[in-house]
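Two complexes are shown next, each including chain A; its partner changes from chain B in the first to chain C in the second.
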Partner chain A sequence: MAETVVEPKVKVSLGTPWNVVVHNDPVNLMSYVTMVFQRVFGYSKEKAQQHMLEVHYKGRSIVWTGTRERAEFYVQQLHGYLLLATLEKAE
Partner chain B sequence: MLIRRLKENSIELTEIEPIEAELLRKVPSVCDTGGDSRAETRLFSSPADTSERQFLNDWDEYVRPELRHLFLSARKTVEADLENLLDRPGHLGRLIVPRTHGDAWLNTLNQARLVLASKFDFSDEELSMHKVPKSFSRRDLVLLQINFYAAIQERIIDVIES
Partner chain C sequence: MRAISWQVEGSVGDSWRKWLEALFEPVLLPHLWRVLDLSARQSAREIIVLDAELDRSMKPWPRKRSIDAGGLLLQQCTPRGERLMARLQEAIQAGVARGHFATLYGVRCAAFSIPIRAAIHGYLLQELVIGAPNETGQVQLLEEAVESVNEFLRISSNGLNEGLRFHG
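Up next, the complex of A and B:
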């Protein structure tokens, strides 16, 4: 007799995603900010430059979105590089 | 002053003019905020808005001391490297920095520039200005100092990333 496997109903809560935001800063060099994005997030040079330019021209860029714990970790890393970074709830 | 990679593991600063040597030697001390609240606020900026009260409290208690330690450690690395700066009178200076210290240099130069910019309250426009002033006030000289450190950072990034 074939065994019937009943999948338990699991209530999965994905939680609210959080954004890591980097704000414009006239002191940090564009090349430095690009390098930091590559190092912290493992982004390609092109993607890192895209975010850097967004920070430069728009004043801020959401550089990463995900779990709260990871967002806190990234914000701490970015502060270690002296970038202006904050975390905020993703809308 | 020339900055280039020397073999695989070193960064070489050569042909250092006396004035450049003096500015380099000042880097670690410039990073000292001296309790200036603007500089402190910039070095240790807020990681979230005030609605995240618990997070901000934890940050102040656990993360901020770590950051302070990180910044101080970078400064000490640069300070130790600068003790090897050779600049006899009448000769241009030379300094060899281990490539592994490149990040400490970038961090310390950044601290220095942020502290100066905060203390002297430079605007975005002033910081992106490249024209030579007609007279040199203290502020003008500090702006030159900030840009001098920026130029060194650019070269170190080139060397590290190449």
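Up next, the complex of A and C:
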């Protein structure tokens, strides 16, 4: 009689996603911020404008969510364009 | 495509270099330097005079674009109790100042304690990204401009007048 093989349950836990947050800044033009979003994230003009307006009116916008390494890379790129960007854990 | 005070005509690189030589290095760079310096001392009257000088130094189309872009900056939030910005806004409304982008940008950078080098690089980035958003060689073009900024700031660190003489 064949033995029943019970395979152990493997729980795969993906890392917590991280948000790239852009904060409102006092000196950059709105058109500039839109173009930076298009350039860094490859967003369409409409999507980039939505995020820019969220930054402008609400003070901050989550512009990207994903792995920590990628998020760090994006924050670094945004800092290169002198935008105020931070990382935070997604809820 | 038109940026704040330059536009691409033919090659992006050639247009950028032409703008650097014709407007940025002799006019905008010393202007930003002086506005940042005067803002730190809350010298509204001198900044208004500088704004009028800048207005006279610009050709018609960059002048209009520069004033329009300055108007957009005026719509952004200002720290409560920031008197210099308020005085400039009054001067613009009274027609005494035009409110060029470089002037208001310098005043806002000072109001938010943005260091001079970062402020000037931020200005260049805005001109470059708005004027040539799809240009792949933006980094190289920026580096070309940064060389003259570094040289100007190095000389200016010995005194504003010397820096102005270098480019003037």
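Throughout what follows, the second predicted complex is superposed on the first by the 80 of 91 C-alpha atoms of A that agree within 3 Å, B and C clash if a C-alpha of one lies under 4 Å from a C-alpha of the other, contacts with A are read in each partner's own complex, and residues count from 1 in each chain.
Please note the rule applied: contacts are C-beta pairs under 8 Å (C-beta built on N, C-alpha and C of every residue); 3 or more make two chains touch, one makes a residue touch a chain.
Owing to the predicted nature of the structure, the values given are computational and were not obtained by experimental measurement.
Participant: Superposed on chain A, are chain B and chain C clashing or fitting side by side?
Facilitator: They clash: once the shared chain is superposed, the two partners overlap in space.
Participant: Touch check for A:S31: first (chain B), second (chain C), both, or neither?
Facilitator: both
Participant: Quick one: classify A:Y81 as touching chain B (first), chain C (second), both or neither.
Facilitator: In the superposition, A:Y81 touches chain B and chain C alike.
Participant: Looking only at contacts as defined up top, I'd like to know whether chain B or chain C touches more of chain A.
Facilitator: Between chain B and chain C, the winner on chain A residue contacts is B.
Participant: Of the partners chain B and chain C, which touch A:F73 in the superposed model: first, second, both, neither?
Facilitator: neither
Participant: Please indicate which partner A:F41 is in contact with in the superposed arrangement: first for chain B, second for chain C, both, or neither.
Facilitator: neither
Participant: Does any part of chain A touch chain B in one structure and chain C in the other, and if so which residues?
Facilitator: Dual-contact residues (chain A): 26-29, 31-32, 35, 81-82.
Participant: Sort out for me which residues of chain C touch chain A in the complex.
Facilitator: 4, 69, 72-73, 76-78, 105, 108-109, 111-112, 114, 118-119, 121-122, 125-126, 129-130, 133
Participant: Spell out the residues on chain A that touch chain B in their complex, using ranges where they run on.
Facilitator: 26-29, 31-32, 35, 72, 75-76, 79-82, 84-88
Participant: Where on chain B is chain A touching in the complex?
Facilitator: Residues 43-49, 52, 55, 63, 66-67, 70, 106-107, 110-111, 113-114, 117, 122-124, 127-128, 146, 150, 153-154, 157, 160-161.
Participant: Applying the document's contact rule, which stretches of chain A touch chain C when the two form their complex?
Facilitator: Against chain C, chain A makes touches at 24, 26-32, 35-36, 38-39, 56, 81-82.
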